[in-house]
Structures are given as structure tokens and as C-alpha cells.
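Have a look at these structures, which come just after this line.
Both of the next two complexes hold chain A, though its partner changes from chain B to chain C.
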Partner chain A sequence: MVEIFINDRSIKVPEGITVLKAAERAGIHIPHICYHEAFAPEGSCRMCLVEIEGHLCLELACATQVKEGMKVFTETENVRQARQGVLEFLLAEHPMDCPICDKAGECTLQDYYEQYGLFESTFMEQKERKDKNVPLGKGLILDRERCVLCTRCVRFLRDITQTEELGVFERGVYSEIGIFDQRLIDNNYAGNLTELCPVGAITDKDFRFKTRNWFLEKGASICPLCSRGCNIFIEHHPGFARFDVPKRVYRITSRVTSREKDQKEKGYWICDIGRYGYSYMDQDRAEKIVLKQGDSALDPKKAVTYAADQVKKLIYKNKLNRLGVISNTWLTNEELFLVKKIFTENLESQKVFFPTTAQREADDLLLTSDRTPNKKGAQEIGFSLEAISEGQVFDGTELLFVFWASPFDLDQLTGLMSKIKEVQTKILFTPFEREWNKDFDLVIPTAVPAEKAGSFTNEDERIQHFGPVLYSPGQARAEWEWLVSLGKEIKVDFKSYARLSSPFDVFQMMKKKIKFFGK
Partner chain B sequence: MFRLFGYFIEIIRGILITARHFIVNMVFHILNLFGIKTKRKGAFTIQYPEQKTEIAERHRSLHRLMKREDGKPRCVACMLCETVCPSECIYIEATEDPDPEIQKYPSTFIIDLSRCCFCGFCVEACPEDAIRMDTGEVEFAQYNRKDMVLDLESLLNEPK
Partner chain C sequence: MNKVPEKVLTQNFGVEHLFKIDVYMKKGGYKTLKKVIKELKPEEVLNEVKAAHLRGRGGAGFPAGVKWSFVPQDADKPKYLCVNADEGEPGTFKDRYIMSHNPHMLLEGIVLTSYAVGIHHAFIYIRGEYENIARRLERAILEAEKKGFVGKNLLNSGFDLQITVHRGAGAYICGEETALLESLEGKRGHPRLKPPFPAAVGLFQCPTVINNVETLSNVPYILEKGADWFIQQGIPEDGGTRIFGVSGKVKNPGIYELPVGSSLKELIFKHAGGMKSNKKLKAVIPGGLSSPILKPDEIDIPMDCESLMKADSMLGSGAVIVLDEGVAIIDVLRKVTQFYSHESCGQCTPCRIGNSWIHKTVQRIYQGKGKKQDLDTIQRLASNMLAKTLCPLGDAAAMPILAIVKKFRKELESFIQGTIK
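On to the complex of A and B.
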């Protein structure tokens, strides 16, 4: 540890870190454009200039290491002038098309001009015209006029994905970002470039011109599309009073938590599968409880009573071995725990079947081969995923509960459908309106992970809690709500379910029962 | 009994006030009619639907969208008017324009007049001078709420 002084404030920081990081620890923001925590300092934007006592000229905060007794000043007249000068040069060739720029509102250049610039332009000349619509591949579009040549994108593709599709071409004022010889960007992490770009030079077709980012609300959640469980923000439109917005979720961005900052190459990014695979939250959602016989409109209480009555019939006949459950690993820890509690502990059915999910190609950065979020959680709760085969579930089964939360892997359930149809009574819990819904006796709409609270256990055995970001549509409720009311209605163990009113309560119960979650 | 008395007093007082306004205004109007100039003029009344007053130059009337020289809307769909609108009566959807000089233009532009409070913030916010409230049109009452919702087409072709 060394002691340094930033604006006459003493702070103790570990040896070898840079002035910029030290200032951040002291809560002092030093403006920077090209510097990113995940990369080595580049020093091309010159925004982070600070005054250090005893040094002849201003120093780069992002590239200067701290020394014992170093005195750093970030708000002196000299520094302010230097920042203004740097901003003026950066803005000299910047097209100022903020009204049509998707980055406007979260653009570092815009923010810094507000904070440190506020000068009148002294340039009389016409700004230079460059290409405004250069396709880079994977839906990315480069606007060379807006580019400030911070080379974050180049460094990302060089250091993190190691694919090196982008480079800086030409020299001096003619420098520009470009691809090599029509070889377009084609890796699973290209979407990060839009987020990484400090200005609006790289935009993606998925979000381009759809809305303005200040309309969007950010909600913290966990990406459910693979077993890595990256931290994400779901950016959704709260809607207008009088007009219908075409969709709720507009984009997904990465969320950096303090815990993930330690793993440099992993913490800041999310893959394109997670970034662009959000349409399932709005498309084909089941909103109504549908009972096959009788009236289609059904209130939740009646639906639960119907399901519980089916179970009770088996209890009276003492034929609980004819109860089967098809579960899946898209459910949260809490819900899987409730499934286990209701079906294997209270009702003593041994037939909880997990369809095997297809293993897909993983990459060495984030994406895992298991594309369901909670396989580890299911294992820790005590389900052995391969123990029960397909044949055993349907063997003499009269009542079948099917939980199907995955928006993908459609062919798996289609494969099972022919056997499911033969079962006497079958009840489906699903968030989606699919073709097979009409084959079930009762379809209960449920919530997607973005709409419920709970936790996933990811591949590294980390339990990640998340809260609801969106409202679930229509009569849809999270699975845990249905399961708790079902547990109450079955009345085998009414007392323990009566206490459960949130996923948190369920988790507290899990903590006591299962050692893994009690850690 | 006393209460009833007070009631009649108030009626008589009201009639007297009305009569005073009537007589005073009539005297002034008659004097003005014969060309005698008075310090005060009679109360100002016009026969509205037939007679119309002139609208002030900066009066905020019905919106219109400006056009470029080639007839395309000048609006670039930056949605600043939508952002600033206090009554949330503007809704815009943007589309990509093949022309790299324009890039972005509105495919949908809706103003709900039944909701608009005519504050003029949208005009202030517009960076392209694409929306104006200078048509001088103040009579847009409709029998149907649906007809109060203007779309891009009708906003572009507003008379001026």
C-alpha cells in the first residue's frame, strides 16, 4: 500500500495501480474515453490528463502508476484548459448528428462536453465528410464521421475475442477504422462493440432507430440462455399513456458487478446469443388459463382447485405412483425446490423427469454448451437428471404435470407429445402459446425469468438472485406462485406452504434443508 | 322571514349590476357610433362564427410538419418532441432512409389533438425546425375522438 494525495485528499491504494483507478477509489471521476478497465491503457484520447506535482507537463491518469507521496490534482485551471482543448479537437470533425444518433443520451463525448466543455466552436470550415453507413457484419454499422479513434473496438477484438477483424487504416488525420478486405466481423461477441464504443460510431441494426435510450428503463436480471448466467440489464419501454409500443424489451446490455470485475476478460461482456435473443419475452405469450373442457375463461383459484382435485383423486385411490412430472431446468432454484417438495416429498412420486437438453457448441469465453440456466441448481436440489428415463414417466401414468418454460428446444416436447397425448389428464405450465397447448387439459400461463424473482445456480456453482423486471402479461404468474397455491390446495402439508409468500421465503426454507444453499 | 328578504336583496343587486353594465356599454357604443371619442370603449363582442378576429402572429395553433425541397418530411425522427411533450400526445416510429445524408425519417408520426395542451414545447425542442404551430387553424373540433388523431400524412399537408 502506498499513500497518495488526490486533490489534497490522502488515500491509501495498492502499489502498481494507475492514478485513474486510484482516483476512482477516492470517488473522484477523471474523464476518459479510450481507457477501459478490461484493456491495457492506450492513451490515445488524452482526456484523462491530470497535474502531478513535480512533473513538468500534464500526465495521463490512465497510464501513470502511483508512487508513494504522489500529489495529483484533477481540477486545476491547467487541467481544465487541457480537457477543453482535447474536447475541442475531438469535436472538430464530429458530425454533431446527436438527434439521429442512437448513442445520444449515454454518449461519453456528449456528457463530457456538458461537464467539461461548454465552449463555442471556433471552426469556420466545413466538416469533413466520411462514410456514414459502413456494414461491419453481424448487423453492426460503422459511422466514420462519429468515430473518435479510441480503438476500443480494435482492442476488444484483438485482446478478448482474439479474432482481430477490425483495424486502424491510413495515417494521421486520414486514419479510419475498417475491416480487412471485405472480411466481415463474425464472432459471438460482436454485439459488445456497440456498448463499448464511447460514441455512436458503431450501432447495431437490432436497436438502430427503434427508440431513444432515455425512454428505456433498466432492470437488473440474469441471462437465462446458457448455464453461465451472465449479469444483464433488460432495457424495456414502460410505454406511453395513449399509444401502444410495439414491444416491451428493446435491448439487453451487460451489467458489471463488483464481483465480476476481478475476472477481467469475462466480467464486462455478454455474448450475442444472450444480447439478441430477447424476443421470446414478447412473442407468443400465453396470457389466459385455458381449460379444455367447459368455459375457456377461468380464474386462477379455480384452475388451482382443478389441478389439486386431480391430485386428490389419485390420493383417494391410493395410486400416487400414477402421477408423473416433466420438469425442466429453466425453473429457478426456488421453483425446482417446490417441485421436489410437492411431488417427491409430499406426494411421494418418483417420476420427475427432466428431458435431456441438447448440448450445443460452447466457446472458450462465456457461452457454455448447456443452454439452460439452472442445471446445476436442479442437481444440487437433489434431482438426478438422468435417473428417470422417458419410458418410466409414461409407464401407467394417469396424471401428468408438464413444466415447459424454455422458449427454445421445441423439438424435445414435440417428440414427447405423442406419448403425452395418451395420458388421461395432463396439465401444462408454460409462458408460451404453442401449438401443443390445445392438447392439454389445463394450460396455466407462467412468467419468463425476466418477470419473476428467484435465483439460478450457474455452472460455477454460484447462486445468483434476481428480481422481476417486467410485469407478466394477463393471468400469467410465476411458477412458484402457482406451485405454492397448488401445495396449499393439495393440503398434504398445508402449514409449510401457508408460510411461503415470496421466493425469498422459499429460499429461506431451502437454506435450512439443503446444505449447498445454506453456505 | 329575514332570510327571504336577503334573498330578494341579492336578486335585485344582481339585476342592478347587469343593468349597469348594459347601460354603461350602450352609452359608450352610442357615443362611439356618432364619432365621439371616449377614454373607455364599450365591451368588445363579435358575432363569432360569421365574424372572426385576427389571430396573433405567435399564436400557437394547429401543428404542421415542414417538408424538404423534395417533399420528404424535414423531421429526422429524433423524438425530442416526443420526449418533451408533457401530455404524451406525440408518438413517432423511425425508419432507416436509404439516403446516407438523411439516414433516419419518421414512418409514423402521430399527434393526438384531444390530448395536446398546445404548450408549444415540441416546436421549441425541434432541432430541425420540422414542426411548427403556425397554421392559424384553431377550429378543429370533431364529433369523434378518432378524428382528433393526426397522422404523418395530414400533418405534412396542413394548409398554410
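On to the complex of A and C.
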């Protein structure tokens, strides 16, 4: 540790960190544009200049390492003037598209002008006109007039994806970002460029002109589309009922936590599958409880009673070995724990089956081959995913509970449907309205991960908790709610379910029972 | 200074076919190399050059020996020498004379320098337009290889050195040392952020020495005649001679080799024959376009790094551009701003946009649409570039612009007001 002084305030910081980082620790923001934590300093925007005692010129906060006793000043007249100078330069050749720019409201240039600029423009010359609609591939559009040439995009594709699709072309004021020889961007991380770009120079078709970002609420969640479990924000219009507007969710963005920061090259990004694959949240959602016989709308209580009665029938007949369960690794740790508690422990069923999910190609960065969020969790809870074969589940089964939460892998269930149909009584918990729902005796609508609280255990054995971001539609409720009600209603172990009123309660129970979750 | 100036680098320039190795050797060439390789250890060579106070002739005037000593000697990476023959600074034309008249003098300097620093591969990065000179250098290298002055185990010393000529593609910025390295590596000529300095992390991430052609050409003479002799040629902190390239409105434009510290006034009025057509002197740009302009009352000044720095200008590449009364200062300003806005690499904000903005404003003034406040704006913008850019090109642009506007404000103001057109 070394002692340095920032604006006369003494702080102790680790040796070798930059002035910018040291200031951050002291709660002092030094404006910067080209610098990004994931990359080596580039030193090109010149926004982060600060004064250091004993130095002749202003120095770059992003690239200068602290030294014992260093005295840094971030708010002197010189610094202020240098910052204004840089902003003045950038804005001189800037199109000022803010009213029609998707970045407005979260634009570094706007923010810094408000904080450090607020000068009158003295630029009286002709602005350079540049291309404003350059397709870069994967739905990304480049506006060269808005570009501040921070080269974050170039460095991302060079250092992180190592695909190098973008480069700087031309020189001086004509410098521009471009692709080489029509080789469009084509990698699974391209969407990160829209976030990485400090201004509205790179936007994507998915979000372009759809809303204004200040209408959006950011809800913290975990991406369920592979077992990496990237931390995300689900950005949505809050308060809108699902069908009043065509969309609730407008974009998924990366959420950088301190844990992410530890793993530089991986931590800041999310993949395009996770970023753009959110439409399932609003498509074909099951909203009503449907009982086949009687086809009347049921209230939740009656639905649970119906399901519990089916179980009780088996209990009375002493035929619990006729009970089967098809589960899946889209359920949270808490939900899987409840499945285990009810079906394996209370009801002693030996037939909790996890259909094998398709393994797809992983990449070297984040995307894993398992495209479900909680395989590790299921294993830690004690399910041996391959132990039970398909045949065993259906063998003699009279009552089948099916939990199907994945919006994908439809083939898997389709393949099982002919066997499922033969079972006497079958109950489906699912967030989706699908062809096969009509073949079940009871369909109970459930929530997608964005709508529930709970936790997933990712491939790296991180237990990641999340809360609900969106309301679940209609009668849909998270599986854990249904399972707790069912546990109560079956009455084998009423007391322990009666204590559970949230996933948090369930997790407390898990922590006591399973060492992995207690650590 | 009344002694007749002794010519060093240019002493044999009149000799026919000096560029051929036999002629060069007849004139005593490569003798120093043979002697040094046999008798001196590398660190002795380095110390001699250090003691000679040989300052860089490329622009910044950094002491060459000191620069060499920054190269880590214990690194297990290869070390490189890059010879800066980009000669892009407007007004500068001395290196081309050296390389075309006496390429072996440069090669001898390169071999000695490489020997001193422990370098086994040297690159000559030469301005693209100097195609014929590049050929000449390549032929000279072949000749030197045949004679065993260059190559594996040269002069049976156990020391290896390969010299490669690399042609640039015409960008001024590629004369900046780190942009030169990038260009040599096959990338865009974008200057690198410093530190690390090339001496530690240079070409292909390896320790690298970068020196100007003229700088290295002095090395054989320092080792032949000694550091003390060299210092006596110039001034104590700035040894040797300089090849001044005088251009513009003088009777005899050309190169003049004079001791460091010679008077600028004498250079113009004595050596270069004074003003052409006997017009009145208006201004002098003393060290290449980047050096701040001097008015006639400021030219009684010794041409050495320190003296010019004290006069808020710089010796730069020693390229003296002489302007007479007939030259309109708006034309000078316009040329300056046009050049830098064209040559800015575009990497950093103040230089990319500052230079273009200033040039647009100057252009508008030139077209008769200037406004009173324009000169203040230009000064403010140039100050916002000064010492705030990634590489020295920002300063190289800001300094002359500021000097011109400050020293010729009246003329520019009356131009704006339309009293002169």
C-alpha cells in the first residue's frame, strides 16, 4: 500500500494501480471516455487529464500509476480547462442528434457536458458529414458522425473476441471506424458493442428507435440461457400490463458486479444469445389454470387441492410407487429442493426424471454447452441426472407431475408425449402455452426466471440469487409457490411447509440440510 | 566565433562517387570501425558518445549516449536499432544529402552504435519518396557486407549485425518514433502511449534505440577523434556541428554545416548569402515547421538546443526557413494549419479535431470571412492542444500556430479587417 493525496485528502491504495482507480476508491470521479477497465489504457481521448504536483504537464489519470506521496489534483483550473477543451473539441464535430439518438439519457458525452462543460459553442465552421447508417453485421448500425473514436469497439473485437472485425480507417478528422472489405461482424458477443460504445455511434436494430432509455427500469437478474449464469439487467417498461403494449422487455444488458470485475476478460460481457434471446418472456405465455375435466377456470386453491387429491389417492391405495415426476434444470435451487423434498423424501418416489437436454457448442468466453441455468444446482441438491431412465419413469406410473420451464428444447417433451399421454393422470407446470398442454389433466401456469425470486448454481459453482423483475401474467406463479402450497395440501409434512413463505425461507432450510449451500 | 568552421559530416561531399565503398575507404572510411571493434569494449564506446554530448538531430535534441544507456543490458530479448530517415519535417532536407552523398558514413555509425548497445538488427526507416536513396543504401549495405563490415561475425569480431532498409508510405507522423515502430511492425502509424519508452519496450516489444540519420553519422567521428574534440566543435552541452538546411527567400538556399552554437544571423546573411533580391527579412522559422517563428530582432541567436529553447522556439531538425516581406503571414499560417490538420493521425481528440478546427477557421479568414474573435479562438484552441496530446505532434502544431498569432497579430487583424488583401 502507498499513501497518496487526492485534492489534499490522504488515501492508502495498493501500489501500481492507476490514479483513476485510486480516485475511484476515494469516491472521486475522474471523467474518462476511451478508458475501460477491461482493457489496457489507450490514452487517446485525453479526457482524464489531472494535475500531479511536480509534473510539468497534466497527466493521464487512466495511465499514470500512483507513487508514494503523490499529490494529485482533479479539480484545478488547469484541469477544468483541459476537460472543457476536450469536450469542446468532441462536440465541435458532433452531430448533436440527441433528440433522435438512442443513447441520449445514458450518453457519456451528454453527461460530461452537463458536469464539466456547459460552455457556449464557438464552432463556426462546417462540420464534417459522415455516414450515419453503416451496417456492421449482427444488426449493429454505426453512425460515424456520433463516433468519438475511443476505439473501445476495435479493442473489444481485438482483445476479447479476437475476431478483429473493426478497425480505424483514414486519418485526422476523417478517421473513421469501419469493417474491412465487407467482412461483417459475426460473433456471439457483438451486442456488447452497443453498451461499450460511450455514445450513440453503435446501436442495434433490436433496440433502435423502440423506446427511450429513461422510460426503462433496470431489474437485476441472472441470464438463464446457459449454465454460466451471467449477471444481467432486464430493462423493461415498469407498470405496463403485459398486453397493453406489445413489449415489456426492451433489452438485456450486462450487470457488472465486483465479482465480475475479478475476471477481467470475461466479467464485463454477456453473449448475444442471452442479450437478444428474451422474447420468450412475452410469447405464448400460459396465464390460466386449466382443468381438462369440467374445463372451467379454477382458482389456485382448487387447483392445488386437485393436485394434492391425486397424490392422496395414491397414498390411500398405498400405491406411491405409481407416482412419477419429470423435472428440469430451469427450476431454481429452491424449487428443485422442494421437488426433492416433496417427491423424493415425503412421498418416497424413486422416479424423478430429468430429460437429457441437448448439449450445444460452447465457446471459449462465456457460453457453455449446457443451455439450462441450473444443472449444477440440481446435482448439488442430490439429483443424479442420468440415474433414472425414461422407461423407469413411465413403468406402471399412474400419476405424473411434469415441470416444463424451458422455452427451448421443445423436441424433448414432444418425444415423450406419446408415453405421457398413456399415463392415467398427468399434471403440467409450465410458463408456456404449447400444443401439448391440452393433453394434460391439469395445467398450472408458472413464472419465467425474470418473474421469480430464487437462485441458480452456475457452472463455476457460484450460487447466484436474484429477485423478481417482472410480474407474472394472470394466474401464473413461480413454481416454488405452487410447490409450497402443494406440500402443505398433501399434509404429509405440513409443518415444515407452513414455515415457508419465500424462496429465502427455502434457502435457509437448504443451507442447514446441504453442505454445499451452507458454505 | 572567428575560427573557420571545420566541416565534419560534409567534408567529403564534393568527392566524386563518395557513395561507393572504395572511395569512402580511400577517404579513411571504416578505419574507425576496424579500430574500435578491435580495441574498445561496447561500454567504452557508449561512454565516449555519452561524454561527447551528442544531442539528437531529429527534433527533440535528446542526448544520444544517455538514450542508449536506457536500454536494459540484461534483457533476454533481442534489441533493435531504428534509424529515423523519415525526414518529414517541412523545411528539412539534410538527411537526404547525407544518405545520398555518403551512405557509408551512416552505415559506419550504425555498426558502431549497434556494437555499443549490443544490437544485432538495425532498420533504416526511410521516407517513401526517397526511393533512389533507399536503393543506394541497399547497395551500400551489400558492399559493406561483402567487405565484412556488416553481417555475421563482422570483421571477425564475433559480432553480428544485419541492416534492413524499410520504406515508409508518406506519412509525417511515421517520423515520430513510436509511430515509426508501429509502421515498421506493419500496423497503422499511430503513436504509442508512453511510458513505456522504446528503450524498454520498442520494436516488436523489444528494447529499441531510435536515432536520426545525422545523429548516427556523427558517431564514427566521435570515436575517431574523441569526445573532447567533438565538444570543441560545438558548445559544452551540445557537441559537434549541425547540418543546417536553409530554404526560402535567401540568395543561396542549401545545406550548411556549422558548429553547434553558430549565429542564426550569420547563417542567413553570411553563409546563405543574405536575402534574395535584397528584400527585407520578415521572419525565420529556425528548426523546421514545428519550431516557433522568430522575428528579425530575434535572430541574433546561437543555434543550439538551449539557446533556442530560451527564445521559446527550438532547434528541431535545424531546418531554417527564411521569409521576406513579400510573404503574407496569413499564407504562412494557412500552410502550417493545413499541414498539421492533414498529418494528424487522428488518434487523440485535441490534435484530431483541434488542428482541423483551427485550419477551417484560418481557411475562412483567408477567404475574407474572418471575424474579430477568430484569433482569440485560434489561440484558445491551440492552448487546449498544447501539452495535452498523446504524441508531440500536437505540440508541434500548437507551438508555431501560437507564435505566429502572437507575433503577427497586427497583420492578421488588419487582414481580417480587410485593410490588406
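Definition applied: the second predicted complex is superposed on the first by the 513 of 519 C-alpha atoms of A that agree within 3 Å, B and C clash if a C-alpha of one lies under 4 Å from a C-alpha of the other, contacts with A are read in each partner's own complex, and residues count from 1 in each chain.
One rule holds in what follows: a contact is a pair of C-beta atoms (placed from the backbone, for glycine too) under 8 Å apart; a residue touches a chain by one contact, two chains touch by 3 or more.
Because the structure is predicted, anything quoted here is derived from the model rather than measured.
K.L.:
Mind working out whether A:132 is in touch with chain B, chain C, both or neither, as first, second, both or neither?
P.N.:
It touches chain B, and chain C stays clear.
K.L.:
Counting residues of chain A in contact, which comes out ahead: chain B or chain C?
P.N.:
C
K.L.:
Applying the document's definition of touch, where does A:208 land relative to chain B and chain C: first, second, both, or neither?
P.N.:
first
K.L.:
Does chain B (first) or chain C (second) touch A:99, or do both, or does neither?
P.N.:
first
K.L.:
Of the partners chain B and chain C, which touch A:46 in the superposed model: first, second, both, neither?
P.N.:
The answer is second: A:46 touches chain C but not chain B.
K.L.:
Taking the superposition on A as described, I'd like to know which of chain B and chain C A:178 touches: first, second, both or neither.
P.N.:
neither
K.L.:
Across the complex, what residues on chain A touch chain C?
P.N.:
41-47, 49, 56-58, 60, 63, 81-82, 85-86, 88-90, 92-93, 122-126, 128, 148-149, 168, 170-175
K.L.:
Please name which positions on chain B make contact with chain A in the complex.
P.N.:
76-80, 83, 88-89, 91, 93-96, 100, 103-104, 110, 112, 115, 127-128
K.L.:
Spell out the residues on chain A that touch chain B in their complex, using ranges where they run on.
P.N.:
Listed in rising order, the residues of chain A that touch chain B are 97-100, 131-133, 208-212, 214-215, 240-243, 246.
K.L.:
Where on chain C is chain A touching in the complex?
P.N.:
Answer in residue numbers: 171, 188, 190, 193, 341-350, 352-357, 360-361, 364, 371, 373, 377, 381, 383-385, 387-390.
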